[in-house]
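Remarks on the structure that follows.
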Amino acid sequence: MTAKVAILGASGYTGAELVRLIATHEGLEIAALSADRKAGMDMADVFPFLRHLTLPKLQKIDEIDFTGIDLCFCALPHATTQQVVSALPRNLRIVDLSADFRLRDPAAYERWYGQPHAALDLQAEAVYGLTEFYRDEIAKARLVAGTGCNAATGQYALRPLISKGCIDLDDILIDLKAGVSGAGRSLKENLLHAELSGGTHSYSAGGKHRHLGEFDQEFSAIAGRPVLVQFTPHLLPMNRGILATVYVKGDPKVVHETLATAYAAEPFLKVLPFGALPSTRDIAASNYCHIGVTGDRIPGRTVVIAVLDNLTKGSSGQAIQNANLMLGLPETQGLLLAPVFP
Amino acid sequence: MTAKVAILGASGYTGAELVRLIATHEGLEIAALSADRKAGMDMADVFPFLRHLTLPKLQKIDEIDFTGIDLCFCALPHATTQQVVSALPRNLRIVDLSADFRLRDPAAYERWYGQPHAALDLQAEAVYGLTEFYRDEIAKARLVAGTGCNAATGQYALRPLISKGCIDLDDILIDLKAGVSGAGRSLKENLLHAELSGGTHSYSAGGKHRHLGEFDQEFSAIAGRPVLVQFTPHLLPMNRGILATVYVKGDPKVVHETLATAYAAEPFLKVLPFGALPSTRDIAASNYCHIGVTGDRIPGRTVVIAVLDNLTKGSSGQAIQNANLMLGLPETQGLLLAPVFP
Amino acid sequence: MTAKVAILGASGYTGAELVRLIATHEGLEIAALSADRKAGMDMADVFPFLRHLTLPKLQKIDEIDFTGIDLCFCALPHATTQQVVSALPRNLRIVDLSADFRLRDPAAYERWYGQPHAALDLQAEAVYGLTEFYRDEIAKARLVAGTGCNAATGQYALRPLISKGCIDLDDILIDLKAGVSGAGRSLKENLLHAELSGGTHSYSAGGKHRHLGEFDQEFSAIAGRPVLVQFTPHLLPMNRGILATVYVKGDPKVVHETLATAYAAEPFLKVLPFGALPSTRDIAASNYCHIGVTGDRIPGRTVVIAVLDNLTKGSSGQAIQNANLMLGLPETQGLLLAPVFP
Amino acid sequence: MTAKVAILGASGYTGAELVRLIATHEGLEIAALSADRKAGMDMADVFPFLRHLTLPKLQKIDEIDFTGIDLCFCALPHATTQQVVSALPRNLRIVDLSADFRLRDPAAYERWYGQPHAALDLQAEAVYGLTEFYRDEIAKARLVAGTGCNAATGQYALRPLISKGCIDLDDILIDLKAGVSGAGRSLKENLLHAELSGGTHSYSAGGKHRHLGEFDQEFSAIAGRPVLVQFTPHLLPMNRGILATVYVKGDPKVVHETLATAYAAEPFLKVLPFGALPSTRDIAASNYCHIGVTGDRIPGRTVVIAVLDNLTKGSSGQAIQNANLMLGLPETQGLLLAPVFP
């Protein structure tokens, strides 16, 4: 038995990644694809790498007949998503990949996204989509809010440490290195190959990046008190992958043991032997997350490094993992593809 | 039912690519892995991107018990392969990825590889592994010789044109652009990131590349007369992918029609609409080959462009496609993974 | 003594490259910079890599006072250039980097650029800017039309061969590999890092690229009869550099000798020893052009490979070389910067 | 007047970078080049990008006649340098680019480099080569020890802050991102293009990197008490450039003001306006260092980001800047080349 799914926003990178993963997922079947400005086109003309697949033509959202569709992936831009999802059938299961439903507190949403939320009822209903920590809620949810890709990476490194209380909550620093596909298919000069390749820079430094809203919400909820982390992202000349170097104050061996124990049974989260350092190359195009821990020469200081693929585990793979839960399919179905190297 | 396979030479890129593909191939199971200098190590230590898999430890070849193994992939360096395969059990099915058994004529082998062949009986037995053109022979073969990755790309563009006689056989030119993984894991200065990235150069120009031996053998056999092509490879700052720009003298529409007809039923060979130009990005990490055809402004001249991934369709994917045939499995099993983009 | 120059279109890559080169050119001083949409900005805000220089603010063209300016570099888009240059003072020396004045025949211009030329008098006056072949005319010219970067590369490989009559004029094929900065700062999806890196494709295949207009004009003029070449460009995942693989029918040694003799005294054109193959890495960010020649295994066929940096020798370096001649400065002044490697 | 220089170790990247820079340095002339294993070869055969220069042939060091040579650049591997320099004429001025003479304390040397120092007298004599902070000593020195490239980057961000006492000395964290040319021309699998491109990883995490020896020595000397920083380097898929993200506890505006004041008169150190973030792309292939400062959202925490080109300002450019001082030439001579972008 296969479930029928629709993908809204199929002309972006996360939409295309959903199609790539579903292509060999035996439990899901793509019944509809939307892309407003490219409605009427074949997916093969928008993404020739999908040429070998038989896919429905791209439609406008309001042309889609949702009858018989079991679940809808929503890979639309932030802000427009609220309006679109509000207009969808209320019985339709939705996995949203935008930022619109990640923050439970409307005030926090407004602060980080610069405008009031336009669908407060949906926001209240949405379950935060970090699968390993919200499994039961996700399995029962109608609307799941996919996490930010950077937010997921940082949380995999930190959540068990915060919940076990083995680090100083007032001195957590996340220095993050991200590939460029996380910026989407945006036409900006600094994303051109000529300008991005061969160099690196920081952006949104100093606590301005929106994914901080997720860190604040989640870490504070776990700790039962406000937790504010430092977070400085950098853009790297690579397409896929995020590496988060997380600096904490806590005992290195305890930190390692805590993470290894927390994730021992997780199919996609792999804690490396103590001292081993992960590489984004080793999880590219896969749903795996590798985590390494080492001690600093200064006693009591620990470095945790987590890597994942922003388009897979950081968004579209996570979305399918959540959809599997919502549809009663095996959680790992369609997601066991090995990373691609070199 | 799954067939048990061994992979000899598992510490190179084609060996690792075999493991990557077999990881989600439901008809194959890896029973043994060899890597002489790394014997005793875990595959996860040689290739951390395979860390999530449960795999046998790396062994020396002579430590492997071939009892119960249905098929052996041999991903060893050229020349040593002959000796290794000579010593393997004579009833073992073998898919070889080296150059050792590609050339049927011992004199041609000696000319292109600079030494006499050391296993003439095996060479005589081997079937050339370009799946789409040797299906029946491969299905019955004990020893299949995987093609050169450049040789495969050029042949997909040209074989139907030569067999249908729609191009001038005395004026065929292949200008080829190759990614660096085709050079293997060799430690050479010009393969370092610092020296390879950001630029391009030609190598083996002027008819010196060994894959010419395959072109000569195959094209001459099809034509029933000697056919010598020009072939100039270039190394590009990319890891995977080959693009062959093939210049022929013949009618563009006839050329396109000939290729489209020849490959209409092929699961992995996709001829684009006339005038559309393929990109290596659209077949990365997959077993697909895209072929485009366009006419030049000079009447009677045609440009055929074929792209494939050297590690997949050009070697390890091809090897599995052949193994599927040899083992009576569906030809496409395990090979329908979508390309990875971006 | 230094000459005062203006640069129109300073917010594009060729404009920035002019500033980079003039920064250490002791005979030129930048007196004005234009960039219509960015007028009022500091150059350091448009191109932070030029932050260390003291430069005039960006202006609109009609705000510039051309009194006292000895020469104007015009790095504007095609088509608008005609109008802008028409409105400039008639006594101002101009080196134009656009395509607008490259084709002497108005009909050829209209054919390749899709519209009639709007400044026929200027077109008639313009001298083609391939320095080594138009030195005397350039030294006396008021308006010099910089060549296409691909057109320059192909001509360096071929002009002496055509003028000496040592190759078959009816069978010349240029397979060209170009870095992405040649496409300028255009915001197009296929120029994004996420889409361009890691792969290659051909564009304008089949005789559609506009630089063919230059090849036709120049080669036919040298030969005294129509010469039509085949020309297929490819886009590579690198920022700077063009490599033209030129296939000719002619004796390899004669071809090499002809080129070596023709360029023996040229400061920027280096013919490698017979058989040596050039790399774009060896001329990056410099005004040098390297040319290699080798014979094919098929007698009478020769491969000539020329490499240059599209932004330097292919446009802005060439422009300064021409400006030096026009201003009576040493031709090589400011242009002897060594390539950058790695 | 030009000074005659020798370059020992001319077949590595820093050696080649010295030649590149000296090529347009009007005060220096290359009189001898050494490369032991490549003795007898032309530099153009080792580094074809230098083909246009007239250079002495590569020699073994003991073949060089140092008579008349004013200064010797030593770009040899660590450890062998001590022996080589010990055997050089005692009146010869030397700028060393290795790590051998950077640490004044023999015990510190032995701890970080794993063996006792073999030339203690030279080590005692050597002046640390961070030009802006040791100008007077360098001008009078016979032997100058070039700094580590990472060490230089971190120090430019931190020295004035430590000396002015405006940050917490017990909580300094340097997260560093480095291009691959810093690893030299070493033949290692992880430096191959196929393995390095498209991803990132940390190395020597946890306080193991040898450049910590320099940080400890210098920062403690400035502070007059032990200062231990955290330092985690990462390898990025780019050839040139280092970006150091330095996290300090101190007032952002005071930090910015302190750096801006300290470097106001420096020709190569550029402090950006408060809040502006530097990019390695903007200093590539140049001797400039850009420094940005921003405040974190957590009061009292500041992020300082410094970028420089490891081969230029981080080693060979620094070496020439020091040589200029030692030879009585203008400090900036030959070093004002603009960065290369894109």
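Going by the order they are written in, the chains are A, B, C and D; count residues from 1 in each one.
Just so we're on the same page, a contact is a pair of C-beta atoms (placed from the backbone, for glycine too) under 8 Å apart; a residue touches a chain by one contact, two chains touch by 3 or more.
Predicted model, so just to flag it, every value in this text is computed and none were measured.
Chain pair with the larger contact count among B-C and C-D is B-C, by C-beta pairs in contact. Comparing the CA-atom centres of all chains against that of chain C, the greatest distance is found for A. Centroids of chain C and chain D (each the mean of its C-alpha atoms) stand 36 Å apart.
Our note on geometry: chain B versus chain C, Cα centroid distance of 39 Å, whole angstroms. Under the contact definition stated at the top, the residues of chain C that touch 2 or more other chains are 13, 181, 194, 197-198, 237, 239-240, 278-279, 281-282, 284, 342. In terms of which chains touch, the assembly is arranged so that all chains touch all other chains.
Within the complex formed with chain D, the residues of chain B that make contact are 13, 180-181, 183, 185, 187-189, 191-194, 196-198, 237, 239. Considering their complex, residues 171, 173, 175, 177, 194-195, 197-203, 205-208, 212, 228, 230, 232, 234, 236-241, 243, 245, 247, 275, 277-282, 284, 294-298, 301, 303, 305, 307, 342 of chain A touch chain D.
Residue ranges of chain B in contact with chain A, taken from their complex: 13, 16, 19-20, 23-24, 47-53, 181, 197-198, 239-240, 270, 272, 278-279, 281-286, 288, 290, 336-342.
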